[in-house]
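You will see subunit A twice below: alongside subunit B first, and alongside subunit C after that.
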Partner chain A sequence: MTTVAEPKAPRTSKIKNLPSPITGQELVLVGVIVILWAALAVSTPAFLTAGSIQPLLVATAPIALVGVGMTIVIITGGIDVSVGGAIMVCSVITAKTLVGSGVNLGVAVLISIIAGAVLGLVNGVLIAYGRVHAIIITFGTANLFMFLGLRIFGSGTVNGIPGTLGFFGRGPDGRTLGVPHAFLATVLITAAAWWYLRHTAGGRHFFAIGGDAQAARLAGVRVQRRVLLAYVITGVLVGLASCFVIAQGTSTLDQSVGSGKELAVIAAVVIGGTSIMGGRGSVLGTMLGALLVQTVSSGVTQLGWRSQLSDLFVGIFIIVAVGADLLRARARRNR
Partner chain B sequence: MTVAEAPPKEKTDFVRLFLTQRIPLLAVLIVLVVVTFFINDAGGYLTAPYDFDYMSASLINAVPLAMLGLAEMLVILSGRGGIDLSVGAIVSLAGMVFGFAYGMWGWPLWLAIIATAAFGALCGAVNGFLVSYIGFPALIATLATFYAFKSLAIVINNQQPISTEPIQQLFSLSKSVEIPIIGQYIPDIPLGIFTFLLPTVVAVWLLMARTAYGRRLYAIGTNDVAARWSGLPVRDTRFKAYVYAGLISGLVAVVTVAQFASARPDAGVSGNGMALPAITIAVLGGVAITGGIGRVAGVVLATLLIVWLNAGILLAFVGNEGSQYQLLALGAVLVFAALLNGLTNRKYGGAQ
Partner chain C sequence: MRPRFAAAVALTATAALALTGCTKKNDDTAASGDATGDKTYKVAFVPKLQGVPYFEAMNAGGKEAAAALGNVEWLYQGPTQADAAAQADIVRSYIQQKVDALIVAPNDPDSMAPLLQQAKDAGIHVATADTDAPSSVREVFVNQATAQGIGEGLTDSLLTAMGGKGKYAIVSCGQTAENLNSWIEVQKAYTKTKYPDAEIVDIVYAGEDQAKATQMATDLMNAHPDLTGLVGECTSSAPGVAQAVKDAGKIGKVFTVGLGTPQSMKPYLTDKSSTAAILWDVENLGYLTAWAGAQLAQGKPFTASNNVSSDLSAVAYTEADKMLLLGPALAITDQNVDQFNY
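Entry: the complex of A and B
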């Protein structure tokens, strides 16, 4: 009898240690998105057409992509409010390179990613080794990045950006079988991050750090290195997202690029059910959160309402999503 | 082991003083900034004279900055990750309310100001209710209300600013005046300093240093579990911190409307917004982001430092380069202050 039970024991415990692949919040989000799409399809016939859904997916991509990095950062108990400034720096560097030396797609993406990684490294080093609260440091670096971005801009805009990045853009070059490449890349990266966070030791360490950094250190996790890695990952994704941002725009890049994106990304992460206190969260939820936010802003425009109203809905979604989570946590405690 | 050995040298005492006491450090930095720009001015490197008149005139920028810095101080002091990202959005929305009340409905000025402050307090109460009674993390709750208030402020009057006759005449509130008796010996000082900033500073100082509420706020920020077991009304105290922050934001809305001579729907959120500089000022002024530590004097000195630094930078560069270098200065000063706080925590167990 015992010989039968023994080989089973580790397997059951392994399954128990892993959270379920999709959380209740994510199911609710899927439901809300489906209902919204259905409602929009009924009220505005133009909504459920390729011409409306494709731009929606393309616009979701950069927010969701940076959101993957932000999710990892927030899982470790940190936060990065400098991603807006970082997007500005990466996109202006890439745009100027495209205009100046006409590099090809691969080189442009590589330059953007390297720039993003360097900015992420700056944040990571200051936070992991300076041992300062992440929100303060990234508020500071947000200003520094914006300064850097504006200096590179010089005066005015970057004009005449060639269509090299059209592969990620809104146009017909940016789609395969009707699916925008930018969205496809985001889905693939989100899937990879989902697997990494759920099924590898390194990924689980992020959760351990967010749960209790001291306990994680005593359990043998190299806390500082993992934290540093979280910010570098965010930087790399910011680099790629900046390419999407350039591709979405016209041939002109103006100085407002990236402005306010940090709050949009954090909103997507929070709506997706990631706990701002660290230790809990999922990139799948972030993806759905970004999709929901973009659906709302797209829907508000198509219904002919004032586009600024979508911010009000974003605020309400944050309150409802986090409030539901708080109530569930309270119910768990009382049980 | 080394504690019992020879008494610490005088030099380390100085270092310790500057690291643990934020106020002397800020005072020295202010003197350093002012002297630097005076020397640059004397050398003719600036585009306009940097003198006491200019410094005094630039104080108009200190009014909203210091007031919102104090608002952030109150919520950050309350602990448990206290922060208020929505102050800028409250300024926008309350400013529109003031625009309606004073500029359109023709209310008397005092009533309009009271109504605006009360409306700001109501917005703060939403934050306080979510954070203190429901248990939202402050960052999330105020992020959500930031979006909501920002959106409402823009939608409420169809994106249009209100700049009717009475509002335009309010601009006189932000002009500089000569102080009676000693006025001829010192530069004219912006009126907003006396009508809004000083009363707020004194009120917050009295609240923090001379009332039981102030003691309670420090207590819950330091350790809210201990405070609860000591029988303090933790939720009520934290709730009120957000209400006061909203109240101050409402007053800032009036100042901002007067300064622009127009109630602009994006006054508090355009560009970088007002919350980010306010948080920077609070942290630079020695308010610990973990709560329970922070003083009014620190916030006021930090404001003076940033205002006079920014004023000098504006003269040191031509065109809009100056405003870019202001970003650099703000970011560098914030990172420096944060690293300093971290170092102080490790070496001396925290600033005071």
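Entry: the complex of A and C
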């Protein structure tokens, strides 16, 4: 669907075969989210108030942000199941630094991003140059990262984390003019990634690799460098997202941090319409997917429904999204 | 089609693996000093998960008991996530090691019961501590406090702050956690009889995820604008509900209590976003657990009142339900929080 050529001859020679700026999946997601928000606004006392929407956007941010990196990785035909472990490592390093030496916000974010970038580099090098499938490598590194994270934790939680990262939190320090900083940063990064993937040669190369890595290589794409870059980008975003995670938690960080987040992120990416087989996808869809999942989770709580129903709904969304993707793929093949 | 199918299978397999938990084992043993001549009894304790302050404090108490008793080797190992399958693996490994006494705080009492039977068949004395497996062959349950004591302690602390009336909600953790659910049952019944003007409006489950517990508490406050109380039922949701109240700027309007460890609750007790943490002396619980394991291993019976140590001079044992009771629940407030270093 995304690689359909424009029927009319393009006016500028530069823009050829560009996908439409918004995909069908994204329109459907926007529709579903609008309907859900409207329904929740009617059926709950305060869903559509600042006190409810602001924390919802804050909670969406880390998943959507890591989802941007995950989308790029999946577009190249890879996957990164180590992001949960990486979040654990980055957040425990950052939290311990905050407690131990009281660094300021900028330094804390920088430390977390550097830690994330290093972990992403490990994944990227092993996958790009090791020629083993990403799922195997990242499954291995997921366990290594968790081991590393637990070692850094020692045998206790990190207590008394100062409020330095409150800039990204749920409280009043985390907003400017009512807009949560964590969400704003996520939107800006998503927009930048959207533009990069759509309008630059380098960005299009990710799609080429996911479509057919061999053909991309023959066409002159530096496949290994591109693949490496995808995992490093993911690592950097994991670093920033870890700061959001600390900010949203309590003043204590325990070892369950990051646990299961790889599945939450992959769910957002898949619901967003990115093909799990690579070659097609959109960071905008991922952001909408993350927003939909958090809307369902908050909605279920605010409606007073049983907590486990949100798992059921997310499961249905994933299956519907993957099913729609497979149907589209079949339609393309039969054309 | 084929590679797509393979990829889908691979993804599913990974998801399944990730769900069952990727566990690393991290042995932590504390052998007791001199056991020359006498037999040294291996007493193993499998917590729900290790690395959290709660069970680490139990471990510290267990080590202390082993050192004091002299003839006990205290073994301590748990899964890195509160996962029943990972915990079962550790229990199996202790059965193979033929420890003398095996004490478990089961994540899932029902699936633990057949394993305890297996241990008993292998000649190992089995017990539970912290969380019971009531329908199992365990010989004793080392109980930190009765469900009655904890449920009533939580309810009384919260409703005193709420002025004896109003709506409150509970943020619990694992949905199958036997002890959490038994406390919630007491909270429901006790609130109804003692505080007829108070009402529990919802009970939600956040797993062990602090950020999720905080978000759920935020959602609950939005769902019920007249909510004046929140209970964090476990050590990750207790600071979570307090953080949510603080973030929403509702300190003094919405009161919280919870089952929190002292050091993690200290900032919230200090800024009044949490009224009280209900707990017990966890190190003493570990001490009592190790002592009970040693008694079982040596075939010594429990008496109605047991002199365990100077701190635990009269631990009650009830024959009917085979239960050792640590004592009454403890309310930790900003006044006494500094007495606890975990």
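Assume the second predicted complex is superposed on the first by the 312 of 335 C-alpha atoms of A that agree within 3 Å, B and C clash if a C-alpha of one lies under 4 Å from a C-alpha of the other, contacts with A are read in each partner's own complex, and residues count from 1 in each chain.
As a working rule, a contact is a pair of C-beta atoms (placed from the backbone, for glycine too) under 8 Å apart; a residue touches a chain by one contact, two chains touch by 3 or more.
In this text the structure is predicted, and so the values were computed from the model without any measurement.
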item: Overlay on subunit A: subunit C relative to subunit B, clash or fit; value: clash
item: Which of subunit B and subunit C A:319 touches, first, second, both or neither; value: first
item: Touching partner for A:132 - first (subunit B), second (subunit C), both, neither; value: first
item: Touched partner set for A:22, first subunit B, second subunit C, both or neither; value: neither
item: Touched partner set for A:311, first subunit B, second subunit C, both or neither; value: first
item: Touched partner set for A:55, first subunit B, second subunit C, both or neither; value: second
item: Subunit B versus subunit C as contact partner of A:302, first or second or both or neither; value: second
item: Touching partner for A:33 - first (subunit B), second (subunit C), both, neither; value: neither
item: Between subunit B and subunit C, more extensive residue contact with subunit A; value: C
item: Which superposed partner A:99 touches (first subunit B, second subunit C, both, neither); value: neither
item: Which superposed partner A:150 touches (first subunit B, second subunit C, both, neither); value: both
item: Superposition clash, subunit C against subunit B - the stretch among 9-17, 225-233 or 297-305 that is involved; value: 9-17
item: Intersection of the subunit A residues that touch subunit B with those that touch subunit C; value: 79, 133, 135, 139, 142-143, 146-147, 150, 155, 259, 263, 266, 276-277, 308, 322, 326
item: Residues of subunit B that touch subunit A when the two form their complex; value: 83, 85, 130, 134-137, 139-141, 143-152, 154-155, 158-159, 271-272, 276, 279-280, 283, 289-290, 319-320, 324-325, 327-328, 330-332, 334-335, 338-339, 341-342, 346
item: For the subunit C and subunit A complex, residues of the former touching the latter; value: 3-4, 7-8, 10-11, 14-15, 17-19, 22, 24, 26, 28, 49-53, 56, 59, 80-82, 175, 201-202, 204-212, 214-216, 218-225, 235-236, 239-240, 242-244, 246-249, 263-264, 266-268, 342
item: Of subunit A, residues touching subunit B in the complex; value: 79, 126, 130-133, 135-137, 139-147, 150-151, 155, 259, 263, 266-267, 270, 276-277, 306, 308-312, 314-316, 318-319, 322-323, 326, 330
item: Subunit C contact footprint on subunit A (complex, rising order); value: 44-47, 49, 51-52, 55-56, 59, 79, 81, 84, 133, 135, 139, 142-143, 146-147, 150, 153, 155-157, 159-160, 169-172, 245, 248-257, 259-260, 262-263, 266, 276-277, 297-298, 301-304, 307-308, 322, 326, 329
